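First comes the structure, then the notes that go with it.
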Amino acid sequence: MIVAMKPEADALDIEAVIQRATQFGCRVHRSQGEERVILGILAEARQLPSTDAFEALPNVERVVRISTPYKLVSRQYQPWSSEVAVNGARFGAGGFPIIAGPCSVESEVQIFETARFLRDAGIPLLRGGAFKPRTSPYDFQGLGEEGLRLMRRAADENGLGVVTELLSEADLPAVAAYADLIQIGARNMQNFALLKAAGASRKPVLLKRGLSATIQEFLLAAEYIAAQGNLRIILCERGIRTFDTSLRNTFDLAGVALLRELTHLPVIVDPSHATGKRSLIAPVTRAAVALGADGAIVEMHPHPEQALSDGAQSLNFEEFSNLQRTLAPYIALREAERRQETSAMAAAVA
Amino acid sequence: MIVAMKPEADALDIEAVIQRATQFGCRVHRSQGEERVILGILAEARQLPSTDAFEALPNVERVVRISTPYKLVSRQYQPWSSEVAVNGARFGAGGFPIIAGPCSVESEVQIFETARFLRDAGIPLLRGGAFKPRTSPYDFQGLGEEGLRLMRRAADENGLGVVTELLSEADLPAVAAYADLIQIGARNMQNFALLKAAGASRKPVLLKRGLSATIQEFLLAAEYIAAQGNLRIILCERGIRTFDTSLRNTFDLAGVALLRELTHLPVIVDPSHATGKRSLIAPVTRAAVALGADGAIVEMHPHPEQALSDGAQSLNFEEFSNLQRTLAPYIALREAERRQETSAMAAAVA
Amino acid sequence: MIVAMKPEADALDIEAVIQRATQFGCRVHRSQGEERVILGILAEARQLPSTDAFEALPNVERVVRISTPYKLVSRQYQPWSSEVAVNGARFGAGGFPIIAGPCSVESEVQIFETARFLRDAGIPLLRGGAFKPRTSPYDFQGLGEEGLRLMRRAADENGLGVVTELLSEADLPAVAAYADLIQIGARNMQNFALLKAAGASRKPVLLKRGLSATIQEFLLAAEYIAAQGNLRIILCERGIRTFDTSLRNTFDLAGVALLRELTHLPVIVDPSHATGKRSLIAPVTRAAVALGADGAIVEMHPHPEQALSDGAQSLNFEEFSNLQRTLAPYIALREAERRQETSAMAAAVA
Amino acid sequence: MIVAMKPEADALDIEAVIQRATQFGCRVHRSQGEERVILGILAEARQLPSTDAFEALPNVERVVRISTPYKLVSRQYQPWSSEVAVNGARFGAGGFPIIAGPCSVESEVQIFETARFLRDAGIPLLRGGAFKPRTSPYDFQGLGEEGLRLMRRAADENGLGVVTELLSEADLPAVAAYADLIQIGARNMQNFALLKAAGASRKPVLLKRGLSATIQEFLLAAEYIAAQGNLRIILCERGIRTFDTSLRNTFDLAGVALLRELTHLPVIVDPSHATGKRSLIAPVTRAAVALGADGAIVEMHPHPEQALSDGAQSLNFEEFSNLQRTLAPYIALREAERRQETSAMAAAVA
């Protein structure tokens, strides 16, 4: 059960809820959101008290029973879709914002060239890896903080936001200083220490699905972040690992549709890692738009054939422009439908 | 290497090719197509002769070297997309024909009610199981030939074609007598005896991907049918089996995009088995349209809550109409693009 | 619920059970075993009648309620282990009989050389493929009936039994005429028509687990055979398909241990297909012995480097002898333990 | 290519190797081991220099070309098996040492009771979780440092070593202070920051295989630790995630056999997580012994039915004693074989 306090609730109001819960033998999980405190009431025994027990307490806004193991991120907790805004891009608000950039920041020339292109293409967010999670310790591990600095400068000169991966709690201060959106990669989806650290930061978080994570485990990983009071979370499906090695991963697009039923958080896709194949990026991203996904993160590079990592799945500038062109009418169509659905719902409510 | 003979080639012309191949130490695989004979030249040793060795022989139309293990179904063999027509529905010709009907034929009322609805909805093909592959021997196994008869009558009265599954070589005469399109189910994708039998029939075949079949194994299963001289094959992605049990299967939509690059055969989707969840059918089928799939097969039932099998994933009539409505603008958009691509290609060639 | 009739039960006795079941609204599934009739009572509604309803009827031997979807093959139905004897080899009786031979019968020399070696090595059963299920239609498909004849002659001259795969119902008469143990391969584990045909034959059946079959699906496939009245079934774990391609398959040895809890049928292993790697056959087969498996089927070839299929996983004669040597003390140890367990159980009962 | 320096090599000797490598356009990876420095020579271009280029340099002990992506942990680098000793238990030295204890440290009574039992049972190493990686943020997260203190005291009073999981770099000082063997859990197998931290500590590391890690990824994760100069690594197979949910995971025993070919590091098994089922622990652990595994880690609890986590897979004291009893003759048999192999090898060398 979740008890959401009103913004004006003070320490005494909160204490009153905690005491009531304790009387019923429940544990309380406190999240300090930006505007309000959320208290998770967890039954140690099987029996939760009724919601009445809390609704009448002062400055309690809402009490919700939630049947899924994830609570704060579920649509039961919040039926309407959340919007997460990053540098002007609004995820979950009906459009299809794209995050783009190279797998790794490799050089000043590379990242500035990319940033200028993105600005001209109307793309608001620049991605790039400074700390790289590589399967082998002998592979290129990224430029580290120097990479962050380059990316920040390139982004600032072109009015872009920065998206980059956090690999270690120790790097959090540096990454949080340079990035507008902190990425937690697939291999760290159940690095619970990192999730808690990202949750405790005040930054929005892009959480990628683990290679073999079920939908429920994915949502529980998001719940780790949310339970720290940070609900500015964007989920990202990036392909799962299955028996079929025809492509780099198996792109679970139906999972995206399912996620949109189960959670109010925005859900975007990463067609580059999901397929690993340049020629498939356009068709599968069109599919994601038609399905109702909330955006995409796409690897691109001024010269993919020279990339230090992920060249085979990176688009060059021309291919990226073609991608935008092929997506445009699908995004427009989806938008028109969504507006219709919204006004139909509004009419139904009125 | 594939040697396609001209339609007018006679026994002597064919024998000349075979002798030449034998001189080079090759095995020859002969397929008798409806119009022409196709000879597959297979090197026992590693070394294939050059194509010249055959091109000059009389009534040889084309000689193609093919690097993939599947030959006749590959885009290397035939770069343009094949069209498979069944009862007026044209798969691979640019539209998005839908096959619809119940999992199993259960009764005369059920199948006639469905057929009338489909006629009114403009759906050309009625599906329904008469011989059912059930995991347990104690589950409902279908009405057998009685089911085929009912379906045929219901279809004939409403101007529909019949699509039904073949489970056993022994049933082939009956199934071929009643069906317009013979389905090979996922569990039989590598039942090579059944594939050969279906290939030897003169009926178009709907081949479903096996639960754990790679893309290459899927194409090689199609090659078994093709190698019998029957190239009227429609491939169907129906979800693969992975670690994630959030949905009935994992819908491999990127695999559909990959298939369309590798084969000239039409590729359709089965969103019902792929997801097992009624509410996801519409979004994932919209995705399939945007991706470029060639059609769909959808489970529907006059009263899903009373269905003897697969009720949870079957649409009722109203839901099916909603599906058609939500797909229509995406199909139109995709069509417009395809026409543009085609005329651009034509212009480029001219 | 299962009602086992006494061997002396006649048509009237059976009819009495069926009528009683029908009164309770149940369907009845009749299996004609070699010695007795087994009636499966299946509740259409959720409610089964109590066992009393049948126990008092004439010539009813036993009435058992079974909570799993598979019935006749479950340990609930028969708590003691079944023994399946083939040409003197007793599977499920405590030893560790081995079936050995080449992937495919290739020539008279090859199969006779193998058969002589096996006789000298004390191996009772010769395996060899005459009809081969090959992923590509262009791969070697086996010698067909000629292969069966060669294998039978080689076996007869050396006092061996013949084990070979059945690929098609149409081949059943030929295969049943030549083989002592009919193999259903992994790709056909859910070829229900083939399972029924094998069940209706009077031959013992070696059923291999499908590449992506769960343990329950495997047991239900066996139930298809059993439901035809043929309980002479040997199950075989041969590796499942997972994300990891380090080896040909993933050998599910814990699944073998689980199977031995769930079913009374003997369970053997196929280390050759499970690993695909010659050097691992000995350690994983030792593991299977220690685990309690009931035997093994092993690929071997006089000259693996010349084999037309599966050379990389086939043992040569010397390697096979080494395998026997390394297994012997483990088999002896396991035997001693089993005798102890049995006498402890007997003492407990007495 | 790996250049191992002699223990007496000084800074100048090392610098000489680095300069030579740089002349050839190679990158150098330096690992400071406890006794010696290991230099990994990595070709930026495709071409490595010949080994001669380094063998003649002063105080170079050995130069080895290694074809696998993992280097220091490969059997190519070190053909003989490594021994990792922890509190008197010697992994990789031929025995089958067992690590045992509860999933989580829950209370003083629980952990002391367990430790006394283990001492009496002759088990040298006590496991227990103080920081627990739980899928849900609302599940019991462990007692933290208080748990470490309890476990250390219980271990010290009974002459045991302590094995516990490290979840976060931030906890390393505390965990390293209390533990004799630091565990990296499956979910963190590709938490590269944690691997590096564990590698930089001077403690032996127990590295568990990730849920969907290939054998090669597993070895590369070990290489991350090794590349920090810490080769005291024990690998642990604990089941992988596949389509089959009959058991908690799929136990990849053949993967253990493969690992023992590819790496010189000891490889142990975790039958508790691999199966999740108490009754299977004994048979699968017997299998692991017969296969040649180097030990096991087993969950046990004074009162499994009251455990806060993993009760269904934990053995009670009596079951644990039975496990030891059933393993003993297999361990003895394996030992006898190994001694024979070793003396045969010694004889062959002499």
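By written order: A, B, C and D. Residues from 1 in each chain.
Assume contacts are C-beta pairs under 8 Å (C-beta built on N, C-alpha and C of every residue); 3 or more make two chains touch, one makes a residue touch a chain.
Please read all numbers here as calculations on a predicted model, not as lab measurements.
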Interface residue overlap between copies chain A and chain B, same or different (over half shared): same
Most widely separated chain from chain A, with each centre as the mean of CA atoms: C
Whole-Å gap between the CA centroids of chain A and chain D: 34
Between chain B and chain D, centroid-to-centroid distance (C-alpha), Å: 50
Shared-contact residues (touching 2 or more other chains) in chain D: 212, 241-243, 245
Of chain C, residues touching chain B in the complex: 29, 40, 42, 69-71, 133-138, 167-171, 187-188, 190-194, 211-212, 217, 220, 223-224, 227, 241
Residue numbers on chain C that touch chain A, as the complex places them: 212, 241-243, 245
Residue ranges of chain A in contact with chain B within the complex: 212, 214-216, 239-240, 242-247, 250-255, 257-258, 261, 274-275, 277, 279-280, 283-284, 286-292, 326, 329-330, 333, 337
